[in-house]
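The same chain A turns up in both complexes below, where it pairs with chain B and then with chain C.
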Partner chain A sequence: MTVHNLYLFDRNGVCLHYSEWNRKKQAGISKEEEFKLMYGMLFSIRSFVSKMSPVDMKDGFLSFQTSKYKLHYYETPSGLKVVMNTDLGVGNIQEILHQIYSYIYVEYVVKNPLCGLNESIQSELFRNKLDSFVRSLPFFSARAG
Partner chain B sequence: MARQSSRGGSESKKMSSELFTLTYGALVTQLCKDYENDEDVNKQLDKMGYNIGVRLVEDFLARSNVGRCHDFRETADVIAKVAFKMYLGITPSITNWSPAGDEFSLILENNPLVDFVELPDNHSSLIYSNLLCGVLRGALEMVQMAVDVRFLLDTLKGDGVTEIRMKFIRRIEDNLPVGEE
Partner chain C sequence: MGFSFCNYRKMGCITKLENMGFRVGQGLIERFTKDTARFKDELDIMKFICKDFWTTVFKKQIDNLRTNHQGIYVLQDNKFRLLTQMSAGKQYLEHAPKYLAFTCGLIRGALSNLGIKSIVTAEVSTMPACKFQVMIQKM
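Moving on, here comes the complex of A and B:
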(Lines of atoms letter the chains of each structure in order from A and count residues from 1; the text may use other names and numbers.)
(Lines give C-alpha, C1' and ligand atoms only; values in the text may rest on other atoms or scores of the structure.)
Protein backbone atom coordinates (compact mmCIF):
# COMPACT_ATOMS: atom_id res chain seq x y z
CA MET A 1 0.00 0.00 0.00
CA THR A 2 1.11 3.49 -0.52
CA VAL A 3 0.35 7.18 -0.35
CA HIS A 4 1.00 9.09 -3.55
CA ASN A 5 0.37 12.72 -2.75
CA LEU A 6 -1.75 15.22 -0.84
CA TYR A 7 -3.39 18.53 -1.65
CA LEU A 8 -4.90 21.08 0.73
CA PHE A 9 -7.31 23.60 -0.76
CA ASP A 10 -9.02 26.49 0.97
CA ARG A 11 -12.64 27.50 0.42
CA ASN A 12 -11.68 29.75 -2.47
CA GLY A 13 -9.75 27.13 -4.38
CA VAL A 14 -6.30 28.33 -3.37
CA CYS A 15 -3.92 25.40 -3.05
CA LEU A 16 -2.58 25.89 0.48
CA HIS A 17 -0.22 22.99 0.39
CA TYR A 18 0.99 20.16 -1.81
CA SER A 19 3.10 17.18 -0.76
CA GLU A 20 4.30 14.27 -2.77
CA TRP A 21 5.68 10.92 -1.59
CA ASN A 22 5.40 8.28 -4.21
CA ARG A 23 4.36 9.67 -7.54
CA LYS A 24 5.81 8.00 -10.58
CA LYS A 25 4.04 10.01 -13.20
CA GLN A 26 3.87 13.79 -13.30
CA ALA A 27 1.04 15.67 -14.93
CA GLY A 28 3.22 17.33 -17.55
CA ILE A 29 1.81 20.76 -16.78
CA SER A 30 2.92 23.38 -14.29
CA LYS A 31 1.96 22.83 -10.66
CA GLU A 32 -0.26 25.94 -10.74
CA GLU A 33 -2.17 24.49 -13.67
CA GLU A 34 -2.39 21.13 -11.99
CA PHE A 35 -3.85 22.69 -8.82
CA LYS A 36 -6.44 24.58 -10.82
CA LEU A 37 -7.35 21.48 -12.76
CA MET A 38 -7.65 19.44 -9.58
CA TYR A 39 -9.75 22.06 -7.81
CA GLY A 40 -11.98 22.54 -10.83
CA MET A 41 -12.63 18.83 -11.00
CA LEU A 42 -13.37 18.59 -7.28
CA PHE A 43 -15.71 21.54 -7.52
CA SER A 44 -17.54 19.90 -10.42
CA ILE A 45 -17.72 16.53 -8.70
CA ARG A 46 -19.22 18.14 -5.61
CA SER A 47 -21.94 19.83 -7.57
CA PHE A 48 -22.45 16.76 -9.77
CA VAL A 49 -22.77 14.45 -6.78
CA SER A 50 -25.19 16.71 -4.98
CA LYS A 51 -27.40 17.15 -8.05
CA MET A 52 -27.39 13.50 -9.07
CA SER A 53 -28.02 12.05 -5.63
CA PRO A 54 -31.53 10.59 -5.49
CA VAL A 55 -31.66 11.02 -1.70
CA ASP A 56 -30.56 13.72 0.72
CA MET A 57 -26.89 13.33 1.32
CA LYS A 58 -25.06 13.48 4.59
CA ASP A 59 -21.42 13.45 3.61
CA GLY A 60 -21.50 14.12 -0.12
CA PHE A 61 -18.46 13.20 -2.17
CA LEU A 62 -15.98 10.94 -0.36
CA SER A 63 -13.69 9.26 -2.89
CA PHE A 64 -13.29 7.90 -6.40
CA GLN A 65 -11.01 5.29 -7.85
CA THR A 66 -9.58 4.33 -11.19
CA SER A 67 -7.81 1.12 -12.13
CA LYS A 68 -4.60 2.42 -10.57
CA TYR A 69 -5.27 4.82 -7.73
CA LYS A 70 -7.87 6.10 -5.29
CA LEU A 71 -8.60 9.74 -4.50
CA HIS A 72 -9.90 10.46 -1.00
CA TYR A 73 -11.71 13.71 -0.30
CA TYR A 74 -12.58 15.36 3.00
CA GLU A 75 -14.17 18.78 3.40
CA THR A 76 -14.75 20.71 6.63
CA PRO A 77 -17.82 22.90 7.12
CA SER A 78 -15.46 25.85 6.76
CA GLY A 79 -14.57 24.70 3.27
CA LEU A 80 -11.05 23.38 3.80
CA LYS A 81 -10.45 20.41 1.53
CA VAL A 82 -8.00 17.60 2.17
CA VAL A 83 -7.32 15.45 -0.86
CA MET A 84 -5.13 12.35 -0.70
CA ASN A 85 -4.27 9.93 -3.45
CA THR A 86 -3.40 6.38 -2.47
CA ASP A 87 -3.31 3.00 -4.13
CA LEU A 88 -6.47 0.91 -4.34
CA GLY A 89 -5.86 -1.12 -1.19
CA VAL A 90 -6.72 1.76 1.16
CA GLY A 91 -10.24 1.79 2.61
CA ASN A 92 -12.20 4.72 4.04
CA ILE A 93 -9.79 7.24 5.54
CA GLN A 94 -12.15 10.14 6.35
CA GLU A 95 -11.06 9.95 9.98
CA ILE A 96 -7.40 10.24 9.02
CA LEU A 97 -8.06 13.21 6.75
CA HIS A 98 -9.96 14.81 9.61
CA GLN A 99 -6.92 14.23 11.82
CA ILE A 100 -4.69 15.96 9.29
CA TYR A 101 -7.08 18.90 9.53
CA SER A 102 -7.40 18.98 13.30
CA TYR A 103 -3.97 17.88 14.50
CA ILE A 104 -1.81 19.42 11.79
CA TYR A 105 -3.58 22.23 9.93
CA VAL A 106 -5.42 23.73 12.90
CA GLU A 107 -2.53 23.27 15.31
CA TYR A 108 0.31 24.53 13.12
CA VAL A 109 -1.37 26.93 10.70
CA VAL A 110 -4.57 28.30 12.25
CA LYS A 111 -2.94 28.69 15.66
CA ASN A 112 0.10 30.36 14.15
CA PRO A 113 -0.85 34.02 13.75
CA LEU A 114 2.04 34.53 11.34
CA CYS A 115 0.48 32.09 8.89
CA GLY A 116 -1.99 33.81 6.61
CA LEU A 117 -5.11 31.73 6.09
CA ASN A 118 -5.74 32.23 2.40
CA GLU A 119 -2.29 31.76 1.03
CA SER A 120 0.09 28.93 0.39
CA ILE A 121 1.52 27.64 3.68
CA GLN A 122 5.17 28.50 4.22
CA SER A 123 5.61 27.07 7.71
CA GLU A 124 8.44 24.56 7.93
CA LEU A 125 6.98 23.18 11.15
CA PHE A 126 3.69 22.43 9.42
CA ARG A 127 5.46 20.65 6.56
CA ASN A 128 7.52 18.52 8.91
CA LYS A 129 4.58 17.55 11.10
CA LEU A 130 2.48 16.68 8.09
CA ASP A 131 5.26 14.66 6.52
CA SER A 132 5.91 12.62 9.64
CA PHE A 133 2.19 12.12 10.23
CA VAL A 134 1.67 10.74 6.74
CA ARG A 135 4.82 8.60 6.91
CA SER A 136 3.55 7.04 10.12
CA LEU A 137 0.24 5.98 8.58
CA PRO A 138 -0.24 2.20 8.50
CA PHE A 139 -0.80 2.27 4.75
CA PHE A 140 2.18 4.46 3.96
CA SER A 141 4.97 2.61 2.30
CA ALA A 142 7.77 3.78 0.08
CA ARG A 143 7.44 0.65 -1.99
CA ALA A 144 5.16 1.16 -4.94
CA GLY A 145 1.83 -0.50 -4.33
CA MET B 1 -11.53 28.15 37.35
CA ALA B 2 -14.84 26.82 38.57
CA ARG B 3 -16.90 27.40 35.51
CA GLN B 4 -14.49 26.31 32.86
CA SER B 5 -15.73 23.92 30.23
CA SER B 6 -15.13 20.24 30.60
CA ARG B 7 -16.04 19.25 27.07
CA GLY B 8 -14.08 17.39 24.50
CA GLY B 9 -12.51 14.72 26.69
CA SER B 10 -8.86 14.55 27.54
CA GLU B 11 -7.43 16.88 24.92
CA SER B 12 -9.43 19.96 25.87
CA LYS B 13 -7.17 22.36 27.64
CA LYS B 14 -8.38 24.23 30.65
CA MET B 15 -7.37 27.64 31.78
CA SER B 16 -8.40 29.90 34.56
CA SER B 17 -11.15 32.06 33.14
CA GLU B 18 -9.95 34.88 35.37
CA LEU B 19 -6.79 35.21 33.34
CA PHE B 20 -8.89 35.60 30.22
CA THR B 21 -11.31 38.03 31.86
CA LEU B 22 -8.52 40.21 33.20
CA THR B 23 -6.58 40.15 29.94
CA TYR B 24 -9.71 41.21 28.11
CA GLY B 25 -10.21 43.99 30.65
CA ALA B 26 -6.68 45.22 30.04
CA LEU B 27 -7.35 45.20 26.30
CA VAL B 28 -10.51 47.27 26.66
CA THR B 29 -8.74 49.67 29.01
CA GLN B 30 -5.93 50.14 26.54
CA LEU B 31 -8.33 50.71 23.65
CA CYS B 32 -10.18 53.31 25.68
CA LYS B 33 -6.89 55.11 26.21
CA ASP B 34 -5.97 54.83 22.55
CA TYR B 35 -9.23 56.00 21.06
CA GLU B 36 -11.07 58.23 23.56
CA ASN B 37 -14.23 57.77 21.51
CA ASP B 38 -16.37 54.77 22.63
CA GLU B 39 -17.69 54.14 19.14
CA ASP B 40 -14.16 53.60 17.87
CA VAL B 41 -13.45 51.22 20.74
CA ASN B 42 -16.60 49.26 19.89
CA LYS B 43 -15.55 49.09 16.28
CA GLN B 44 -12.05 47.96 17.14
CA LEU B 45 -13.31 45.26 19.53
CA ASP B 46 -15.65 43.97 16.85
CA LYS B 47 -12.84 43.87 14.32
CA MET B 48 -10.49 42.04 16.67
CA GLY B 49 -13.27 39.63 17.51
CA TYR B 50 -13.87 39.00 13.83
CA ASN B 51 -10.23 38.13 13.30
CA ILE B 52 -10.37 35.77 16.27
CA GLY B 53 -13.61 34.18 15.09
CA VAL B 54 -12.23 33.44 11.65
CA ARG B 55 -9.54 31.27 13.25
CA LEU B 56 -11.49 30.05 16.25
CA VAL B 57 -14.07 28.38 14.02
CA GLU B 58 -11.39 26.02 12.71
CA ASP B 59 -10.40 25.04 16.22
CA PHE B 60 -14.04 24.55 17.04
CA LEU B 61 -14.75 22.36 14.04
CA ALA B 62 -11.64 20.31 14.66
CA ARG B 63 -12.45 19.69 18.31
CA SER B 64 -16.19 19.30 18.26
CA ASN B 65 -16.69 17.24 15.12
CA VAL B 66 -19.89 19.18 14.47
CA GLY B 67 -20.97 18.89 10.86
CA ARG B 68 -22.64 21.44 8.66
CA CYS B 69 -25.81 22.97 10.10
CA HIS B 70 -28.87 22.75 7.90
CA ASP B 71 -30.86 25.57 9.39
CA PHE B 72 -30.47 28.56 11.66
CA ARG B 73 -32.10 26.78 14.60
CA GLU B 74 -29.48 24.08 14.53
CA THR B 75 -26.83 26.79 14.30
CA ALA B 76 -28.29 28.50 17.37
CA ASP B 77 -28.17 25.23 19.31
CA VAL B 78 -24.56 24.55 18.40
CA ILE B 79 -23.50 28.09 19.33
CA ALA B 80 -25.24 28.09 22.69
CA LYS B 81 -24.79 24.51 23.81
CA VAL B 82 -21.46 23.54 22.31
CA ALA B 83 -19.40 26.61 21.44
CA PHE B 84 -20.20 28.89 24.40
CA LYS B 85 -19.77 25.90 26.67
CA MET B 86 -16.43 24.98 25.17
CA TYR B 87 -14.85 28.42 25.18
CA LEU B 88 -16.55 30.33 27.99
CA GLY B 89 -17.95 27.56 30.16
CA ILE B 90 -21.50 28.89 30.01
CA THR B 91 -24.64 27.83 28.18
CA PRO B 92 -26.77 30.80 27.13
CA SER B 93 -30.46 30.19 26.55
CA ILE B 94 -32.01 30.72 23.13
CA THR B 95 -35.18 32.81 23.00
CA ASN B 96 -37.21 35.34 21.05
CA TRP B 97 -37.26 33.61 17.68
CA SER B 98 -38.61 35.80 14.94
CA PRO B 99 -41.62 34.26 13.14
CA ALA B 100 -39.48 33.74 10.04
CA GLY B 101 -36.89 31.86 12.06
CA ASP B 102 -34.09 34.14 10.94
CA GLU B 103 -33.49 35.94 14.23
CA PHE B 104 -32.97 34.82 17.79
CA SER B 105 -31.49 36.00 21.06
CA LEU B 106 -28.84 34.50 23.26
CA ILE B 107 -29.53 35.25 26.91
CA LEU B 108 -26.47 35.21 29.14
CA GLU B 109 -27.24 35.07 32.84
CA ASN B 110 -23.67 35.93 33.59
CA ASN B 111 -21.16 37.17 31.10
CA PRO B 112 -17.70 35.88 31.97
CA LEU B 113 -16.02 38.85 30.30
CA VAL B 114 -17.44 41.32 32.81
CA ASP B 115 -16.68 39.60 36.12
CA PHE B 116 -14.74 42.45 37.68
CA VAL B 117 -16.10 45.37 35.71
CA GLU B 118 -17.93 48.52 36.58
CA LEU B 119 -18.55 50.89 33.73
CA PRO B 120 -17.65 54.49 34.55
CA ASP B 121 -20.37 57.04 33.70
CA ASN B 122 -18.36 58.61 30.93
CA HIS B 123 -18.39 55.39 28.91
CA SER B 124 -22.13 54.99 28.48
CA SER B 125 -21.93 54.07 24.81
CA LEU B 126 -19.11 51.56 25.24
CA ILE B 127 -20.25 48.02 24.42
CA TYR B 128 -17.83 46.35 26.76
CA SER B 129 -18.10 42.78 25.43
CA ASN B 130 -18.38 43.74 21.78
CA LEU B 131 -15.52 41.37 20.95
CA LEU B 132 -18.06 38.54 21.23
CA CYS B 133 -20.13 39.99 18.39
CA GLY B 134 -17.12 40.02 16.13
CA VAL B 135 -16.19 36.46 17.09
CA LEU B 136 -19.68 35.17 16.28
CA ARG B 137 -19.82 37.07 13.01
CA GLY B 138 -16.36 35.97 11.87
CA ALA B 139 -16.87 32.34 12.81
CA LEU B 140 -20.24 32.09 11.08
CA GLU B 141 -18.93 33.81 7.98
CA MET B 142 -16.42 30.99 7.61
CA VAL B 143 -19.26 28.48 7.52
CA GLN B 144 -20.98 30.55 4.86
CA MET B 145 -23.47 32.43 6.98
CA ALA B 146 -23.65 36.20 6.94
CA VAL B 147 -25.18 37.31 10.23
CA ASP B 148 -25.73 40.52 12.10
CA VAL B 149 -24.78 40.33 15.78
CA ARG B 150 -25.44 43.00 18.39
CA PHE B 151 -25.99 43.51 22.09
CA LEU B 152 -29.55 44.43 23.03
CA LEU B 153 -29.28 44.18 26.81
CA ASP B 154 -26.25 44.32 29.02
CA THR B 155 -26.00 43.70 32.75
CA LEU B 156 -23.21 46.28 32.81
CA LYS B 157 -25.79 48.88 31.85
CA GLY B 158 -28.24 47.86 34.53
CA ASP B 159 -30.25 45.28 32.58
CA GLY B 160 -31.22 42.08 34.35
CA VAL B 161 -29.54 39.85 31.79
CA THR B 162 -27.24 40.18 28.81
CA GLU B 163 -28.91 39.64 25.45
CA ILE B 164 -27.11 39.13 22.15
CA ARG B 165 -29.34 39.38 19.10
CA MET B 166 -28.39 37.33 16.05
CA LYS B 167 -29.94 37.96 12.67
CA PHE B 168 -29.37 35.75 9.65
CA ILE B 169 -28.74 37.87 6.58
CA ARG B 170 -27.88 35.44 3.80
CA ARG B 171 -26.07 32.31 2.83
CA ILE B 172 -22.67 32.98 1.27
CA GLU B 173 -22.41 30.89 -1.89
CA ASP B 174 -19.34 29.02 -3.07
CA ASN B 175 -17.77 30.54 -6.11
CA LEU B 176 -15.45 29.07 -8.64
CA PRO B 177 -12.19 30.96 -8.43
CA VAL B 178 -11.70 33.55 -11.13
CA GLY B 179 -9.90 32.43 -14.22
CA GLU B 180 -11.55 29.03 -14.10
CA GLU B 181 -14.06 27.98 -16.67
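Moving on, here comes the complex of A and C:
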Protein backbone atom coordinates (compact mmCIF):
# COMPACT_ATOMS: atom_id res chain seq x y z
CA MET A 1 0.00 0.00 0.00
CA THR A 2 1.17 3.47 -0.62
CA VAL A 3 0.35 7.16 -0.73
CA HIS A 4 1.09 8.87 -4.04
CA ASN A 5 0.38 12.55 -3.53
CA LEU A 6 -1.81 15.12 -1.85
CA TYR A 7 -3.49 18.35 -2.94
CA LEU A 8 -5.13 21.05 -0.82
CA PHE A 9 -7.52 23.40 -2.59
CA ASP A 10 -9.42 26.34 -1.15
CA ARG A 11 -13.01 27.19 -2.00
CA ASN A 12 -11.95 29.24 -5.02
CA GLY A 13 -9.83 26.51 -6.54
CA VAL A 14 -6.46 27.90 -5.51
CA CYS A 15 -4.01 25.09 -4.84
CA LEU A 16 -2.83 25.86 -1.29
CA HIS A 17 -0.43 23.00 -1.07
CA TYR A 18 0.87 20.08 -3.06
CA SER A 19 3.18 17.33 -1.95
CA GLU A 20 4.11 13.97 -3.40
CA TRP A 21 5.77 10.87 -2.00
CA ASN A 22 5.50 7.98 -4.36
CA ARG A 23 4.56 9.22 -7.79
CA LYS A 24 6.04 7.25 -10.66
CA LYS A 25 4.39 9.10 -13.52
CA GLN A 26 4.27 12.88 -13.91
CA ALA A 27 1.49 14.62 -15.80
CA GLY A 28 3.80 16.12 -18.41
CA ILE A 29 2.36 19.60 -17.92
CA SER A 30 3.36 22.42 -15.59
CA LYS A 31 2.23 22.13 -12.00
CA GLU A 32 -0.07 25.16 -12.37
CA GLU A 33 -1.78 23.48 -15.30
CA GLU A 34 -2.07 20.26 -13.38
CA PHE A 35 -3.69 21.98 -10.39
CA LYS A 36 -6.23 23.67 -12.64
CA LEU A 37 -7.00 20.41 -14.39
CA MET A 38 -7.40 18.59 -11.11
CA TYR A 39 -9.63 21.24 -9.61
CA GLY A 40 -11.71 21.42 -12.78
CA MET A 41 -12.28 17.70 -12.70
CA LEU A 42 -13.21 17.69 -9.03
CA PHE A 43 -15.59 20.57 -9.60
CA SER A 44 -17.26 18.71 -12.45
CA ILE A 45 -17.52 15.50 -10.48
CA ARG A 46 -19.15 17.33 -7.62
CA SER A 47 -21.87 18.82 -9.77
CA PHE A 48 -22.21 15.60 -11.76
CA VAL A 49 -22.66 13.54 -8.63
CA SER A 50 -25.19 15.89 -7.11
CA LYS A 51 -27.25 16.02 -10.32
CA MET A 52 -27.16 12.28 -11.00
CA SER A 53 -27.91 11.13 -7.50
CA PRO A 54 -31.39 9.60 -7.34
CA VAL A 55 -31.65 10.34 -3.61
CA ASP A 56 -30.67 13.19 -1.32
CA MET A 57 -27.06 12.91 -0.34
CA LYS A 58 -25.30 13.72 2.88
CA ASP A 59 -21.63 13.46 1.95
CA GLY A 60 -21.64 13.73 -1.83
CA PHE A 61 -18.50 12.74 -3.70
CA LEU A 62 -16.09 10.69 -1.58
CA SER A 63 -13.67 8.85 -3.87
CA PHE A 64 -13.13 7.22 -7.25
CA GLN A 65 -10.74 4.57 -8.44
CA THR A 66 -9.17 3.40 -11.67
CA SER A 67 -7.33 0.15 -12.32
CA LYS A 68 -4.18 1.58 -10.72
CA TYR A 69 -5.00 4.17 -8.09
CA LYS A 70 -7.70 5.57 -5.85
CA LEU A 71 -8.50 9.25 -5.33
CA HIS A 72 -9.91 10.22 -1.93
CA TYR A 73 -11.78 13.47 -1.57
CA TYR A 74 -12.75 15.33 1.59
CA GLU A 75 -14.41 18.72 1.73
CA THR A 76 -15.06 20.93 4.75
CA PRO A 77 -18.12 23.21 5.07
CA SER A 78 -15.78 26.16 4.48
CA GLY A 79 -14.82 24.71 1.10
CA LEU A 80 -11.32 23.44 1.84
CA LYS A 81 -10.67 20.31 -0.17
CA VAL A 82 -8.21 17.60 0.74
CA VAL A 83 -7.40 15.25 -2.11
CA MET A 84 -5.18 12.22 -1.64
CA ASN A 85 -4.17 9.61 -4.19
CA THR A 86 -3.32 6.16 -2.89
CA ASP A 87 -3.18 2.66 -4.33
CA LEU A 88 -6.29 0.48 -4.50
CA GLY A 89 -5.73 -1.34 -1.22
CA VAL A 90 -6.70 1.66 0.91
CA GLY A 91 -10.24 1.74 2.29
CA ASN A 92 -12.25 4.73 3.47
CA ILE A 93 -9.91 7.41 4.81
CA GLN A 94 -12.34 10.31 5.34
CA GLU A 95 -11.34 10.35 8.99
CA ILE A 96 -7.66 10.70 8.11
CA LEU A 97 -8.29 13.50 5.62
CA HIS A 98 -10.33 15.20 8.31
CA GLN A 99 -7.36 14.88 10.67
CA ILE A 100 -5.11 16.53 8.09
CA TYR A 101 -7.56 19.40 8.07
CA SER A 102 -8.12 19.74 11.78
CA TYR A 103 -4.74 18.80 13.27
CA ILE A 104 -2.47 20.22 10.61
CA TYR A 105 -4.17 22.82 8.44
CA VAL A 106 -6.13 24.51 11.22
CA GLU A 107 -3.32 24.17 13.73
CA TYR A 108 -0.39 25.40 11.63
CA VAL A 109 -2.00 27.60 8.97
CA VAL A 110 -5.20 29.03 10.41
CA LYS A 111 -3.63 29.57 13.84
CA ASN A 112 -0.53 31.15 12.34
CA PRO A 113 -1.27 34.83 11.81
CA LEU A 114 1.70 35.09 9.46
CA CYS A 115 0.15 32.66 6.97
CA GLY A 116 -2.15 34.34 4.50
CA LEU A 117 -5.31 32.37 3.83
CA ASN A 118 -6.34 31.59 0.26
CA GLU A 119 -2.77 31.63 -0.96
CA SER A 120 -0.09 29.01 -1.38
CA ILE A 121 1.17 27.89 2.05
CA GLN A 122 4.77 28.89 2.78
CA SER A 123 5.12 27.71 6.37
CA GLU A 124 7.90 25.15 6.78
CA LEU A 125 6.38 23.98 10.05
CA PHE A 126 3.16 23.09 8.23
CA ARG A 127 5.05 21.18 5.56
CA ASN A 128 7.10 19.24 8.07
CA LYS A 129 4.09 18.33 10.19
CA LEU A 130 2.12 17.22 7.14
CA ASP A 131 4.99 15.17 5.79
CA SER A 132 5.58 13.34 9.07
CA PHE A 133 1.83 12.78 9.54
CA VAL A 134 1.47 11.18 6.11
CA ARG A 135 4.64 9.13 6.57
CA SER A 136 3.27 7.75 9.81
CA LEU A 137 0.04 6.51 8.21
CA PRO A 138 -0.34 2.71 8.38
CA PHE A 139 -0.83 2.47 4.61
CA PHE A 140 2.07 4.76 3.69
CA SER A 141 4.81 2.24 3.20
CA ALA A 142 4.99 0.58 -0.21
CA ARG A 143 6.00 -2.86 1.05
CA ALA A 144 3.01 -3.34 3.36
CA GLY A 145 0.63 -4.15 0.51
CA MET B 1 18.83 39.22 18.27
CA GLY B 2 16.03 40.50 20.43
CA PHE B 3 14.12 43.57 19.42
CA SER B 4 15.36 45.43 16.44
CA PHE B 5 13.03 48.01 14.99
CA CYS B 6 13.45 49.29 11.49
CA ASN B 7 11.30 52.36 11.82
CA TYR B 8 9.65 54.61 14.32
CA ARG B 9 6.10 53.73 13.27
CA LYS B 10 6.59 50.07 14.11
CA MET B 11 8.10 51.15 17.43
CA GLY B 12 4.84 52.95 18.18
CA CYS B 13 2.71 49.88 17.69
CA ILE B 14 5.04 47.73 19.79
CA THR B 15 4.81 50.26 22.61
CA LYS B 16 1.04 50.27 22.34
CA LEU B 17 0.89 46.49 22.56
CA GLU B 18 3.25 46.57 25.52
CA ASN B 19 1.05 49.07 27.30
CA MET B 20 -2.05 46.99 26.70
CA GLY B 21 -0.23 43.98 28.13
CA PHE B 22 0.77 46.08 31.15
CA ARG B 23 -2.84 46.92 31.94
CA VAL B 24 -3.98 43.31 31.49
CA GLY B 25 -1.11 42.08 33.67
CA GLN B 26 -2.15 44.46 36.43
CA GLY B 27 -5.71 43.20 36.26
CA LEU B 28 -4.77 39.54 36.17
CA ILE B 29 -2.36 39.64 39.10
CA GLU B 30 -5.02 41.27 41.22
CA ARG B 31 -7.36 38.38 40.56
CA PHE B 32 -4.78 35.58 40.76
CA THR B 33 -3.33 36.62 44.10
CA LYS B 34 -6.49 37.35 46.02
CA ASP B 35 -6.34 33.98 47.81
CA THR B 36 -2.54 33.74 48.00
CA ALA B 37 -0.41 34.39 51.05
CA ARG B 38 1.94 37.37 50.98
CA PHE B 39 5.27 36.89 49.27
CA LYS B 40 8.51 36.62 51.20
CA ASP B 41 10.80 38.36 48.74
CA GLU B 42 11.46 39.26 45.14
CA LEU B 43 12.48 35.70 44.18
CA ASP B 44 9.27 34.39 45.66
CA ILE B 45 7.34 36.75 43.42
CA MET B 46 9.29 35.69 40.36
CA LYS B 47 8.59 32.05 41.16
CA PHE B 48 4.91 32.84 41.38
CA ILE B 49 5.07 34.50 37.95
CA CYS B 50 6.89 31.49 36.48
CA LYS B 51 4.58 28.89 37.95
CA ASP B 52 1.04 29.99 38.77
CA PHE B 53 0.78 33.09 36.61
CA TRP B 54 2.30 31.45 33.53
CA THR B 55 0.20 28.31 33.97
CA THR B 56 -3.00 30.29 34.20
CA VAL B 57 -2.23 32.41 31.16
CA PHE B 58 -0.31 30.01 28.92
CA LYS B 59 -1.24 26.58 30.34
CA LYS B 60 2.38 25.69 31.08
CA GLN B 61 5.18 26.76 33.40
CA ILE B 62 8.28 28.71 32.52
CA ASP B 63 10.95 26.10 31.77
CA ASN B 64 13.90 27.87 33.28
CA LEU B 65 14.34 30.78 35.67
CA ARG B 66 17.77 32.29 36.16
CA THR B 67 18.94 35.27 38.11
CA ASN B 68 22.19 37.08 38.91
CA HIS B 69 20.79 38.04 42.34
CA GLN B 70 21.25 41.69 41.40
CA GLY B 71 17.85 42.36 39.98
CA ILE B 72 18.10 40.62 36.65
CA TYR B 73 15.94 37.57 35.95
CA VAL B 74 15.79 35.52 32.79
CA LEU B 75 12.63 33.53 32.20
CA GLN B 76 13.00 30.95 29.48
CA ASP B 77 10.02 29.28 27.81
CA ASN B 78 11.03 26.54 25.40
CA LYS B 79 7.60 26.26 23.83
CA PHE B 80 6.07 29.69 24.06
CA ARG B 81 2.39 29.36 23.34
CA LEU B 82 2.03 32.24 20.90
CA LEU B 83 4.88 31.00 18.72
CA THR B 84 4.30 27.24 18.62
CA GLN B 85 2.07 27.38 15.55
CA MET B 86 4.31 29.72 13.63
CA SER B 87 7.58 28.01 13.14
CA ALA B 88 10.02 25.52 14.58
CA GLY B 89 13.16 27.27 13.45
CA LYS B 90 14.29 30.51 11.89
CA GLN B 91 11.37 31.05 9.50
CA TYR B 92 9.31 34.17 10.36
CA LEU B 93 11.86 35.16 13.03
CA GLU B 94 11.67 38.81 11.97
CA HIS B 95 7.97 38.85 12.96
CA ALA B 96 8.51 37.50 16.48
CA PRO B 97 8.85 40.87 18.32
CA LYS B 98 5.26 41.83 17.45
CA TYR B 99 3.99 38.72 19.19
CA LEU B 100 6.08 39.17 22.32
CA ALA B 101 5.41 42.82 23.13
CA PHE B 102 2.06 42.13 24.77
CA THR B 103 3.53 39.40 26.95
CA CYS B 104 6.42 41.63 28.02
CA GLY B 105 3.84 44.15 29.16
CA LEU B 106 1.91 41.38 30.89
CA ILE B 107 4.91 40.53 33.07
CA ARG B 108 5.74 44.16 33.74
CA GLY B 109 2.14 44.90 34.70
CA ALA B 110 1.95 41.89 37.00
CA LEU B 111 5.18 42.84 38.77
CA SER B 112 4.13 46.43 38.99
CA ASN B 113 1.04 45.56 41.00
CA LEU B 114 3.18 43.47 43.33
CA GLY B 115 5.26 46.57 43.98
CA ILE B 116 8.14 45.89 41.63
CA LYS B 117 9.09 48.37 38.96
CA SER B 118 10.83 46.69 36.06
CA ILE B 119 11.84 46.70 32.42
CA VAL B 120 10.96 43.56 30.48
CA THR B 121 12.43 42.64 27.13
CA ALA B 122 12.14 39.49 25.07
CA GLU B 123 14.51 37.64 22.82
CA VAL B 124 14.01 34.84 20.32
CA SER B 125 16.74 33.02 18.47
CA THR B 126 14.87 29.87 17.45
CA MET B 127 11.11 29.62 17.55
CA PRO B 128 9.15 28.59 19.54
CA ALA B 129 11.68 29.07 22.37
CA CYS B 130 11.94 32.52 23.86
CA LYS B 131 13.57 34.35 26.75
CA PHE B 132 12.15 37.20 28.77
CA GLN B 133 14.61 39.37 30.61
CA VAL B 134 13.31 41.21 33.62
CA MET B 135 15.41 44.07 34.96
CA ILE B 136 14.21 45.25 38.33
CA GLN B 137 14.40 49.01 38.80
CA LYS B 138 15.48 49.90 42.31
CA MET B 139 13.30 52.58 43.76
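Here is the rule we go by: the second predicted complex is superposed on the first by the 141 of 145 C-alpha atoms of A that agree within 3 Å, B and C clash if a C-alpha of one lies under 4 Å from a C-alpha of the other, contacts with A are read in each partner's own complex, and residues count from 1 in each chain.
Throughout what follows, contacts are C-beta pairs under 8 Å (C-beta built on N, C-alpha and C of every residue); 3 or more make two chains touch, one makes a residue touch a chain.
Keep in mind that what you see is a predicted model, and the values were worked out from it rather than measured.
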Clash or fit (per the criteria above) of chain B with chain C on chain A: fit
Contacts of A:11 with chain B and chain C, given as first, second, both or neither: first
Which of chain B and chain C A:35 touches, first, second, both or neither: neither
Cα-centre angle that chain B and chain C span when viewed from chain A, reported as a multiple of 10 degrees: 50
Chain B versus chain C as contact partner of A:123, first or second or both or neither: second
Touching partner for A:111 - first (chain B), second (chain C), both, neither: both
Chain B versus chain C as contact partner of A:74, first or second or both or neither: neither
Distance of closest approach, chain C and chain B, by C-alpha atoms in Å: 6
Chain B and chain C footprints on chain A, overlapping residues: 111
Chain A residues within the chain B interface of the complex: 11-14, 36, 39-40, 43, 58, 76-80, 98, 101-103, 105-106, 110-111, 117
Chain B residues within the chain A interface of the complex: 54-55, 57-59, 61-63, 65-69, 142-144, 174-177, 179-181
Residue ranges of chain A touching chain C (in the complex, touch as defined): 107-108, 111-114, 123-125, 128
Residues of chain C defined as touching chain A within the complex: 85-89, 91-92, 95, 99
